[in-house]
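The structure's right below; bear with me while I get my questions together.
Should a chain be cited, it is by its letter among A, B, C and D, assigned in written order, with residues numbered from 1 in that chain.
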Amino acid sequence: MNEQNSKSKDVTRDIDRAIRRANDRIERCRDEIGKAVIGQKEMIDGMLTGILAGGHILLEGVPGLAKTLAIRSLAQVLDASFSRIQFTPDLLPADLVGTMIYRQQTGEFVARKGPVFSNVILADEINRAPAKVQSALLEAMQERQVTIGETTFELPNPFFVMATQNPIEQEGTYPLPEAQLDRFIMKLAITYPTAGEELEILRRVGVEFNPKLEKVLFGSDIQEIRGTVEQISVDERIEEYIVQLVTASRKQGERRSFHRYIEFGASPRASIYLYRCAKVHALFEGRSHVLPDDVKAVAPGVLRHRIIPSYEAEAEQLSSTDLVDLLLSAVPVP
Amino acid sequence: MNEQNSKSKDVTRDIDRAIRRANDRIERCRDEIGKAVIGQKEMIDGMLTGILAGGHILLEGVPGLAKTLAIRSLAQVLDASFSRIQFTPDLLPADLVGTMIYRQQTGEFVARKGPVFSNVILADEINRAPAKVQSALLEAMQERQVTIGETTFELPNPFFVMATQNPIEQEGTYPLPEAQLDRFIMKLAITYPTAGEELEILRRVGVEFNPKLEKVLFGSDIQEIRGTVEQISVDERIEEYIVQLVTASRKQGERRSFHRYIEFGASPRASIYLYRCAKVHALFEGRSHVLPDDVKAVAPGVLRHRIIPSYEAEAEQLSSTDLVDLLLSAVPVP
Amino acid sequence: MRRSALLVVFMLVVAWGAVSQSSYVIVDSVRLPAESYVGDPVELRYSVRSQATAIVPDETPQPRWGDITAVRVQPGAGGFDLRMTVTPYEPGTLTLPRIDLGEVRIEGLSLIVDSILPPGDVGLRPAHGPQRLPGTQAALLLFGFGISFVIALVLYLLGPGRRHIHSIVSRYRARVPYRRLLARVQVLERDINRHTMREFYIILAEELQTFMTCRVKQNCMAATSTELIAILPELEESCGAVAGTAAPLEEIFLAADSAKFARKTIRRKKRARHLKLVHAVAVELESHRRRLRRSVRVPREQVSHVGV
Amino acid sequence: MRRSALLVVFMLVVAWGAVSQSSYVIVDSVRLPAESYVGDPVELRYSVRSQATAIVPDETPQPRWGDITAVRVQPGAGGFDLRMTVTPYEPGTLTLPRIDLGEVRIEGLSLIVDSILPPGDVGLRPAHGPQRLPGTQAALLLFGFGISFVIALVLYLLGPGRRHIHSIVSRYRARVPYRRLLARVQVLERDINRHTMREFYIILAEELQTFMTCRVKQNCMAATSTELIAILPELEESCGAVAGTAAPLEEIFLAADSAKFARKTIRRKKRARHLKLVHAVAVELESHRRRLRRSVRVPREQVSHVGV
């Protein structure tokens, strides 16, 4: 008993050390990005959560909120290849994925890989591209492989897509259908900075400003941190809480008062992503176990784009975020 | 008499052995898929029924219910080529079927086969594609051959299409017309997993999860199992029952109380598919003869998309599935 | 003395007067009409035998109860005839006032006056119903009895009797499927050699389905054997039998399936045993059902709860 | 002397008359009809046995209560028959006046007259209700009392009592979560060895959440520990306690989190201390809350302003 106890204590100490190490790196990463991006802590944490949970992120916000800057900074800080794809209505899937080109010397077709073959991809204004291009990207995101001509190529690892979307409804945009939205682990709503932050931005960026960011996070680090995340324990009561949250969003089983605002609830995929993100959040907090707080913290990002509001909600001007709040305040915490 | 008896007993024993062998393989197949997909037994059995009955399957369910995962797993388990086609509003028939390309060395046009040339095809969100593309696929499904340019190519055997459809009504979707729906042997309605299953999914998939599935079902196996299915006997009373079920769904002959809920009943194709699926179901149950239970078990999948509800049914919120239930509880079992 | 003599004389005179004035006899009296009602003028005729000559008085006396409108006197046999027309306004036996006819004073006459109003009643009453012919009374009485019997019957049937009769009918009806099943089992037993094995089980299964449909309020005709087996507990419950009473039927359903659809051979001995099983189960269920009905007349839902 | 002689003669005559007049016996009496009502003429027949000869009087005496319309005398066996027709206008036992029949005076006769109207009643009355069985009276009385009590109660509850009872109920209700918490703490204290450390904190945290939900008008069941800690000042405020009264709960919430989700071991001693803490905080909060309620019955908003 005593031996076992001391052993389990050792394990605990190991995890704690690993968590501390991981957090140090993440902190350095944040600091480095913070040189270029002022404020927007939520967005940066969300992006890091996405990388560590192995999912892709959708950023929604009006133009000029440093979305692109933040993603580029993240790519700089990571030791990773980065490509930015500006989605336009005339983009073709081949522009993304690559195409077969004819090589005259050999008289053969050779595959030329597209920009999708990078570790970090910024898919800017994804809703401006036609559906075929969107689905090509989303397929690549899911399969982690791409077929050009008849050859199938593996995508690099880590492979991390950050798509941005402009909420301003414009002519000639192709809103992502729900099924495609579901494939993003989180949808982050980027808001305006605070007045203080804005003042700070002005002071720093007022003069020409192009800080050189150091690479502080390497591929091996990411693997290691992911390993640490996996070790974070999730109590079964937390697991049940996650499943309850997701199933409560659906119009089946127990009827809840907010169900009339929901057209469609979250899919089982939502519970998987909630689970993973909550673990990453616990790591950020330096804990070796997940608390309900972690689940609640990541729930808006994970559930926001998976709950489709009904007409009634629209009539009462309730956004998906409000619906998630209603959900969180209705499901008992374990 | 005695000799004849012993001979028929031998035959019986042969069939029983064949059935047991077939079930072993199917069981292994299920197990293997079960490594990747938790729960959803009905969906997996439906897909297997489709393959063995030689028909195509339509899956309907909200996003995130592992439809794609299940189909991909099935393709992995089968020794079969697999291609996934994401249907989008801007897809062209050529993207599906293939096109003629010019080869400079020979100065000839060469057919470049499209993704439809695979054993298992996942047609994702089939209702998002325009009618021209849908009908190209459905034609291929029926003819089992495809014409590119002037050459006609046979499609591989087995050829098995699984289409998914999103029930969320969206702008820019093209619902399949009834005539096209009729070509699918079964329409499976995928429902949310139970809370227990969801918890299980969470535990398994919560961490990065990408199991490697073994191939356990080869082309020859499928042929053999199909042969066994053909040997399963169907009593003439069962045949009559099938025909009665299908004709009772139509508004002709004897009037039944539920006829006011039905706009159009099932086609004769429905009875053929019911017959085939019932046989496969009997095989799954390890029986060498079909029982009314088998017919009842497959009836919802086979009849659901073939019975078109009337306005009255819609007003009373009766789905096609409810109508099939009404039908099954009205027709006397032989 | 003179005074007392005068007194004596006076008294004598008085006594004679009283005697002489009463010297008449009313021989006959007639009333026209014979029955008189309040407000009707009546003519009274009296034949008076008297030596006295009657003089019609100048003033006819007026009684409190009505008017005497005319008094006439006609000479008659051995006296005179007194005729008066009287209009009484009160019912009852009315005494006529003394009528002074000169030498005779007629008094003590009376008149019985009826009223169309019942005695003791004041004010108007609604019109009488039509008068009946004599002899219809009995018929009417019988008719009345008949009507009231019918009404009573109807009330009974609408009221407490309905439930009663309903329960009798439903009790009878409830036994019909049971009797039918037993009868069919008997016929099958008799014809066991006439039917093929397949026919035998088709008939038997159908009879069981019919029986169960009547007992469990569910269309068992459209139920497969597996579904029927799943319904068996409900059947037991609806009859108030303990769980497992109907379990032997499971074997029969499965045998029927394999006989009908797999063409498996089932020996005659087994078939006979199956018939006996069905018979036994039916009798057992019925006895429970009847006991359930008889013992406590609680609604079936409750019983089933208890049963659970 | 003559005068006195005359007087003597007169007195003798009178005395003789008085003596002779009482010598009769009424043998039989008949009333027609047997029952008589006010206003009905009744014929009374008396068979009188007497030696005297009866003479019908000239004037029939008229009593106050009605009319005697006719007095007839017929000779009968051993005397005479007296027949009178009487119309009474009053109910009750009526005494007939003395009837002077010359030699005999009949007196002391009486007549019982009924009325279709109940005695002592004047004018019409509404129809009687159905007659009650004797003994129902008490039950009715009780029932009446009951009804009026209920009505009074309802009126009270609708009127001034509502607020009163409401305040009693709400005061009681308000104490329920507090009592519940104390009771559970006691149970936990008793069973501290029965529960695992994890169970212990799951129950304790849930009880605290329930308690807080009742006190702060917010669903604390769906609040995490961090959120609960953030709510503590609101809890203190709602009870009118000074800031920091509930602060010890913070430690308990954090301990509960680490026990529930991190599976950290928390020693029994500490657990017992936590229970004591919860108890102490609950008692402290409750005492403040009650003082707040009692001292000034100001609406809660004002209190919270004061508190701020």
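In the analysis below, contacts are C-beta pairs under 8 Å (C-beta built on N, C-alpha and C of every residue); 3 or more make two chains touch, one makes a residue touch a chain.
This is a predicted model, so every value here is computed, not measured.
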Number of hops, chain B to chain D, where each hop joins two touching chains: 2
Angular offset of chain A relative to chain B [C-alpha, multiple of 5 degrees]: 60
Chain D against chain C, contact positions shared by both copies (same if over half, else different): different
CA centroid of chain A to CA centroid of chain C, Å: 89
Chain centre separation (chain A, chain B; CA means) in Å: 35
Averaged-CA centre spacing for the pair chain D and chain C, given as whole angstrom: 38
Chain centre separation (chain B, chain C; CA means) in Å: 75
Residues of chain C whose C-beta touches two or more other chains: none
Touch-based graph of the chains, sorted into line, ring, star, complete or other: ring
All touching chain pairs, where touch follows the definition stated at the start: A-B, A-D, B-C, C-D
Parts of chain B lying in touch with chain A, wherever the complex brings them together: 62-66, 68, 84, 86, 88-91, 95, 104-105, 125, 128, 166, 168, 170, 192-193, 195, 198-199, 201-203, 205-208
Contacting residues of chain D [partner chain C, same complex]: 2, 6, 37-41, 69-70, 85, 87, 116
Residues on chain A engaged by chain D in the complex (per definition of touch): 233, 235, 237-238, 287-293, 296, 328-334
Complex interface listing, chain C residues touching chain D: 1, 4, 92-95, 110, 119-120
Of all residues in chain D, those that touch chain A in their complex: 202, 209, 219, 221-227, 257, 260-263
